[in-house]
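I am attaching a structure below and will ask some questions about it afterwards.
Letters are used for the chains, namely A, B, C, D, E and F, taken in the order the chains are written, and counting of residues starts over at 1 for each.
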Amino acid sequence: MTQLGIVKRNIVRADAAAVEKLSRFGVATVHEAMGRVGLMKPCMRPIYRGARLCGTAVTILLQPGDNWMMHVAAEQLQPGDVAVAACTTDSTDGFFGDLLATSFKARGARGLIIDGGVRDVDELEKMGFPVFAKAIHAKGTIKATLGSVNIPVVCAGALVNPGDVIVADTDGVVVVPAAMAHAVADAAEKRESFEGEKRAKFEAGVLGLDMYQMREPLEKAGLRYID
Amino acid sequence: MTQLGIVKRNIVRADAAAVEKLSRFGVATVHEAMGRVGLMKPCMRPIYRGARLCGTAVTILLQPGDNWMMHVAAEQLQPGDVAVAACTTDSTDGFFGDLLATSFKARGARGLIIDGGVRDVDELEKMGFPVFAKAIHAKGTIKATLGSVNIPVVCAGALVNPGDVIVADTDGVVVVPAAMAHAVADAAEKRESFEGEKRAKFEAGVLGLDMYQMREPLEKAGLRYID
Amino acid sequence: MTQLGIVKRNIVRADAAAVEKLSRFGVATVHEAMGRVGLMKPCMRPIYRGARLCGTAVTILLQPGDNWMMHVAAEQLQPGDVAVAACTTDSTDGFFGDLLATSFKARGARGLIIDGGVRDVDELEKMGFPVFAKAIHAKGTIKATLGSVNIPVVCAGALVNPGDVIVADTDGVVVVPAAMAHAVADAAEKRESFEGEKRAKFEAGVLGLDMYQMREPLEKAGLRYID
Amino acid sequence: MTQLGIVKRNIVRADAAAVEKLSRFGVATVHEAMGRVGLMKPCMRPIYRGARLCGTAVTILLQPGDNWMMHVAAEQLQPGDVAVAACTTDSTDGFFGDLLATSFKARGARGLIIDGGVRDVDELEKMGFPVFAKAIHAKGTIKATLGSVNIPVVCAGALVNPGDVIVADTDGVVVVPAAMAHAVADAAEKRESFEGEKRAKFEAGVLGLDMYQMREPLEKAGLRYID
Amino acid sequence: MTQLGIVKRNIVRADAAAVEKLSRFGVATVHEAMGRVGLMKPCMRPIYRGARLCGTAVTILLQPGDNWMMHVAAEQLQPGDVAVAACTTDSTDGFFGDLLATSFKARGARGLIIDGGVRDVDELEKMGFPVFAKAIHAKGTIKATLGSVNIPVVCAGALVNPGDVIVADTDGVVVVPAAMAHAVADAAEKRESFEGEKRAKFEAGVLGLDMYQMREPLEKAGLRYID
Amino acid sequence: MTQLGIVKRNIVRADAAAVEKLSRFGVATVHEAMGRVGLMKPCMRPIYRGARLCGTAVTILLQPGDNWMMHVAAEQLQPGDVAVAACTTDSTDGFFGDLLATSFKARGARGLIIDGGVRDVDELEKMGFPVFAKAIHAKGTIKATLGSVNIPVVCAGALVNPGDVIVADTDGVVVVPAAMAHAVADAAEKRESFEGEKRAKFEAGVLGLDMYQMREPLEKAGLRYID
């Protein structure tokens, strides 16, 4: 059960080597390597073009209009972490800005994923602090109500456990459970190794119909060509 | 009636000269030249800044979560075509990525319009393959169910027949029926020829109230000036 | 009561010095200086990256699908003004494009805020005419029905009186009542003066928990640390 | 090409016997009988519980904020028709109320499908005049701009030609092309004839897994049962 | 400027006779009588079928996730009042339930308009306490942050001053400024007096085209009839 | 990690006595008893007025446009269970209708919660089979791709583990983890026991300001009364 008022200090982060390996792949590749699961909803967008990140999740459960837990979370961040913030209800308030980003960055955090709003986005871009959010809004927040840090949270439709690997780029945000990080990284690598060859064939004009031998199954399924 | 499992091979494309002429005008101008009809909904956005295209439609009807018909459509694409993909139900899945784009480009396609999602958008930008879509999402799709190619489709609220001209830029996407392409191109040209003159007058401080002789009709309509 | 068919010619604009001072601050800072009120909804976005503006409001109430009042408003614009357009019903039509922008610019206007759609956005970017809108759409409009100019309007959830100061940047749009412009500018300045010091502390690794002395109130609120 | 300012007087309505036969089936059944195509989007809802209709389409293309064409359409309505109204842009204005419903009913119309808003819904329910709409809104409209009557329109994502059969109930709205009405009615009848038998089996506790012989294909697809 | 932390005790309520007169008309009629302004957005829906109300506004500005001001407002409610609640940011939380409704009812309030969420809707229906809201959600709120009572608020896109008349029914919610209540009530009465006659004509089969003499203006506008 | 192609047969259902006790309380009360967590998003609505349910979750992960797993799940349903269906991507297709409901009911299921669409809603109401869904849509689905049954799923923003208690009524849907069912039921009971007393006080005209002793904290927070 989701509990409020809790900060878990010791979390098991995904293995650093697996994180490093996963960081080489795009979100689409990682998501395919997981069997097409683990994505957040498409409302989660980078706040500036070119933002991307890969790291281990420190999770934050916020209350609407309140960013108190952001400060509590800062202390739990370690180099290589990514803050992942959910909220107990839908909100687009600007829970996060350049001052908190300065603090998170000083702790070694690699960015923020937030199912909510963010502000000071020009400054965040200048700082090179990547954020993926569902809204940009100047609306400020208060510090009055307890949420939690490092409990499992649902963020933009995806379950995130503290220590999971988060990969985010222009295509979206994907969550890799810590225990599967190595296996997924290997699967992503294997998948990507085939891409160059396929691309070369497509460039040469080979059709997917032939490359993937689809003509027969399409005919069996009943596809009819007419003039 | 929309039929599934059909691929029409021979379609009548709009005249190449009309397409070339239409390619010189922006979407807003073409839409006005058509009498303010033919636009797709404003949710259709370019996936990178500066994307624009003009070409003849090869239409694709997809099933949710399934991009099989993209491969079937590739074979029907000819140089100068634009793929226009609709779906039998609302979906934001990533039906299209850089591999398919490589294949479409090799066929001579000028871009994609999709009432759905797309992924690998950084690669698509690097390739210079323009896509207009309602979502960016890494979510992958399967190849299991038949849709159709080159039947009339409704894409983002607009009816598209195979062979119609598609013009797309930052302002949106407009569909010009093949049979009207010449007439619309001429009307767009005429419309644009007046713009320079109007712009010069506006720059010189002339008001639209005077340029368009609106003062009298406004007074008749009952407009009152108060202090 | 909102009255249609009215143009108010003499409006009391916020003091020029206060406007100039407010122009130095970002939207988030101004909104905080007002006590966290005055923001438009987050659907209001700049049509190009880097757009920002600060000026005094000339308000426009449009009818759906009709931009006649834009031309009426042009005559009321003075150097330093910002056009603020609302609509009597939700609409994403392209009420505004490069020709009107040329006219508004010739009048000295600093930009447009519109709870509706806009088009010709590439040209507007080239002109350096900032617009904040909820949609980009090529859809053209007619000139047939009276709205009003310089009456109080509700634009994207915020009340705007003619003469109020509008500040807009990447974080959104905020409305400062004319009578409060000086006080808000002073409060913004005071607020910003503390930011540099805070940022330096955060950069040095000081936690918000300590800087804002949150540990005790968090404990009182019941926050529990677990391992 | 969609043309404005046109009223087509003579349209070919679907055969009355086919319409009568289709009226016996629900929307879900008709849509399945068509091969799972022809539905409007799920935003189209009955304005009162229990509303349902079946009839031949008289199509209307409206302009935003303007219901002039409703009156033009009234004259084209014949007993057994259903008015189907689209708009050149998204709008939720109340284009239709109890007075127009009185007029439509006097002409023998069976109801209205509108990709827009409607008002006076309590009166419409009392009159027993079924309407399927995407919004209920008191917002009134003007009579100033031409649209068209009895041209092909896209309504809530579906193409509707004048004379097509419209079936609508609590599950949504489906469009049956006039030329296919008999075939679809027959297919719907066949489909429904199997339903009773299936229902009896399900009631008796037979599983779909067994009834549809799914166990083997599921195993082939790789489904694994764990404890 | 919107000020937080303020409760205005003495407000000027619209004249009781005007309120009583307005209560006889539907929202659509009142809105037309005002010149087609004053409506809230169509997302505002009655929480149970048949809910309707008319009374004078006591306004409430809430903070997200916080309903403290509801209790402050209760004391300001007088018999015949309608509570009108806005929020400083978009929220669908359940700010209001059956206990508060019991308190409001005991004060003589006639209902609630809330640009937010509400809960205990079955109980509210049993109590006969009408609520118009944009969401139904069980999500509870806290009591920690000050908003205001009886300041001007923007609720669902409409400006509401304390003391204004609120009329709400199945068609939506309309705001009549206190000073205009008599004039609007008179205009509504006049408007309604014509309705019966019109309805009779429509029932008799007279077309709007003839009743409103539209044939000539339609022809002038260029309407063409084709066969 | 979410795994596809898995059916877990043995799940630990919440204790029957706790389920029975929870069934006596409304969703708002249960959610408060849990500390204001556990709710699904407000888009989840009953498909007919008065629908309510309480039971133990059998979870289903669907693929877009595909309801194969519904049949697989039917076999896992036991008397007292509630089917809870999520989808790997956003979809409003009609995954469920009266035939599946007949099957589920024959298995003893108490209803369905689905983050998707449903159809045959009139029949479902007649059967008394409660469904909470985000859409009603006639759109049919295929049976081609594996999902899973009885794995943890995220449904409308809430994490649901197989065996958890689901309580749903007009106010929404709440998830009670199986291990906490007794404690939450007790807390709900305690909470409700105070309600009658409070209601009586409110009915007698006592203000929340006095009943909850809010006057002092409000004054401390800075609330000012003006005339």
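One rule holds for everything that comes next: a residue touches a chain if its C-beta (ideal position, glycine included) is under 8 Å from a C-beta of that chain, and two chains touch if they have at least 3 such contacts.
Remember, it's a predicted structure, so these values are computed and weren't measured experimentally.
Where touching is counted per the definition, the chains common to chain C and chain F are A, B, D, E. When the C-beta contacts at D-F and at B-D are tallied, the pair with the greater total is D-F. The interface of E-F is repeated, with over half of its contact pairs matching by residue number, by A-B among C-D, A-B or B-D. Chain B and chain E have centres, each the mean of its CA atoms, that are 41 Å apart.
Mean C-alpha positions place chain B and chain C at a centre distance of 31 Å.
Averaged C-alpha coordinates give centres for chain A and chain E that are 42 Å from one another. Annotation for chain F: residues touching 2 or more other chains are 36, 88, 90, 92, 137, 139, 145.
Applying the touch definition to all chain combinations yields A-B, A-C, A-E, A-F, B-C, B-D, B-F, C-D, C-E, D-E, D-F, E-F.
Interface residues of chain C, counted against chain E in their complex, comprise 1-4, 34-38, 41, 88, 90, 152, 154, 157-159, 176-177, 179-180.
Listing the residues of chain F that touch chain D in their complex gives 5-10, 68, 70-72, 74-75, 92, 94, 97-100, 102-103, 106-107, 117, 119-122, 135-140, 143, 145-146. Listing the residues of chain E that touch chain D in their complex gives 26-28, 31-32, 36, 39, 42, 45, 50, 169-172, 174, 195, 198-199, 202-209, 212, 214, 218, 221-227. On chain A, the positions that touch chain E within their shared complex are 63-66, 88-93, 139, 142, 144-145.
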